[in-house]
Amino acid sequence: MEVTHKQLRRCDLVTVSGRIDAATVKQLSDVLSEIKNAGRYNIVLNMKNVTYISSAGLSELIDTQNTCKQLNRGELVLAEVPDRIMDVLKLAGLTSLFKIFTTETEAVGYF
Amino acid sequence: MEVTHKQLRRCDLVTVSGRIDAATVKQLSDVLSEIKNAGRYNIVLNMKNVTYISSAGLSELIDTQNTCKQLNRGELVLAEVPDRIMDVLKLAGLTSLFKIFTTETEAVGYF
Amino acid sequence: MSRRQTLTVDGYYKNLKKIADFVTAAARQAGMDEDEVYAVQMAVDEACTNIIEHAYGGEGRGKIRLTCQPLPNGLQVTIHDQGRPFDPAKVPVLNPNSPAETRSPGGMGLFFIYRLMDRVEFQPSSAGENRLVLVKQRKTQP
Amino acid sequence: MSRRQTLTVDGYYKNLKKIADFVTAAARQAGMDEDEVYAVQMAVDEACTNIIEHAYGGEGRGKIRLTCQPLPNGLQVTIHDQGRPFDPAKVPVLNPNSPAETRSPGGMGLFFIYRLMDRVEFQPSSAGENRLVLVKQRKTQP
């Protein structure tokens, strides 16, 4: 798994690739925590190259969304979600929790 | 030449491809005018697939930049400028007139 | 139809990848399509994560043994551990129709296991080895 | 070394693409590298745009004839028109070091023509046909 992070003016762009499982989720949550701890709560997560996400990964996304949305201070949105990962989000009833954009540009442009 | 346009929250994304010459520049300037006429002055121009730009095209970019920057109401920035086109901008001494971003995301995220 | 295969790993999260590769290969050999392969991989990953986290109460406390057995119309994966016995009847499984905003955390792993597999049998043992039997049926003949 | 080639088109902007393709092919045949090919294409495009806009004062008022002549060490492009004669000494060429924010519009076309070509000769004619001779030298032997 690889996680990269770029701070933009109105939001932070996080790009994650590979497997998000119980072993790797820490790497992602570290980056997300760093952003939230900096008082930044508008986050785009680009999932284009994610090959797998387990409930451990989904829990991290839910937690981050809840933290971001607190006091209306921000929001986590997803970009370029692969079909396979979209199926998992649907199965878990999570598609209504996240705005999901086809392109990274639209996701960044939402903020 | 093809021009596409997408309105985002804080800026408008225009993607142009092919040749920007005296024949085709009208197509681009129509789209840019429409955006400016709508009172929107933050514009990202993605030039990734531009193969040629003549002084007619450069003049349109300069005019748009000047209109956008009036009264500090906005700015035209460029994204994914091909090497060849960058050489032309440099030759004409125009690289200081435009913020130029490597990725579309960074350009959109600038606003 | 290919033969029974076994993998034993120490209970560390970093071995989840090895487990995924093992069951993915076995599911492909059993003629499953990529949706089915993914389902098997995910159910097994969730189950093994639970073994490390809940049955063993942490990493490095015991082994996980997996057996993949092709069936005439699918694949059976059996997962063995020597941790705390577990009775799934005692825990609430996620209701995916509950609003995501107000869910209590947890319960998702078991939800996926039950949802993705056609047969799920926890066989706890107070003396020795717990077994979890997972069966996935093929939709199409290979 | 290949032969002399000629193209004649009506003075419409939409023919700039045809002109570009013609000189691009000729420049490649003359052994130029892609930077040189691009330079020739751009200089010719700017010159032909000026002929339509300034010499003819608009589209559809006359023809443009181009001749590409390979030279031992480069390519000569000659452009003919029957429009208004033009003396470049009378117009200011862009200074690319002037701040872009405060430039007067125009003057860029001539700037590129002079900057990109090794020889530029406007040969105006009050009776008949203006000629513009453009020469680009090759850096490397083909």
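First chain written, first letter: the chains are A, B, C and D, and each begins at residue 1.
Keep this in mind: contacts are C-beta pairs under 8 Å (C-beta built on N, C-alpha and C of every residue); 3 or more make two chains touch, one makes a residue touch a chain.
Source: prediction; values computed, not measured.
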**Asked** What is the graph distance from chain A to chain D, where chains are linked when they touch?
**Response** 2
**Asked** From chain C, what is the lowest number of touch steps before chain D is reached?
**Response** 3
**Asked** What chain is the most remote from chain D, judged by the mean position of CA atoms in each chain?
**Response** C
**Item:** Whole-Å gap separating chain B and chain D, where each centre is the average of the chain's CA atoms
**Value:** 26
**Request:** Could you grab the centroid distance between chain A and chain B? Build each centroid from C-alpha atoms only and quote it in angstrom.
**Result:** 30
**Complete:** Whole-angstrom distance, CA centroid of chain B to CA centroid of chain C, is 53
**Message:** If we use the touch criterion from the header, which chain pairs count as touching?
**Reply:** A-B, A-C, B-D
**Request:** Spell out the residues on chain A that touch chain B in their complex, using ranges where they run on.
**Result:** 6, 8-11, 13, 104-106, 108-111
**Request:** Spell out the part of chain A that touches chain C in their complex, as residue ranges.
**Result:** 19, 21-23, 52, 54-56, 58-59, 62-63, 66, 84, 88, 91-94, 96-97
**Message:** Considering only the defined contacts, which chain C positions touch chain A in the complex?
**Reply:** 12-17, 20, 38, 41-42, 45-46, 49, 52-53, 94, 96-101, 103, 105-106, 108-109, 111-112, 115
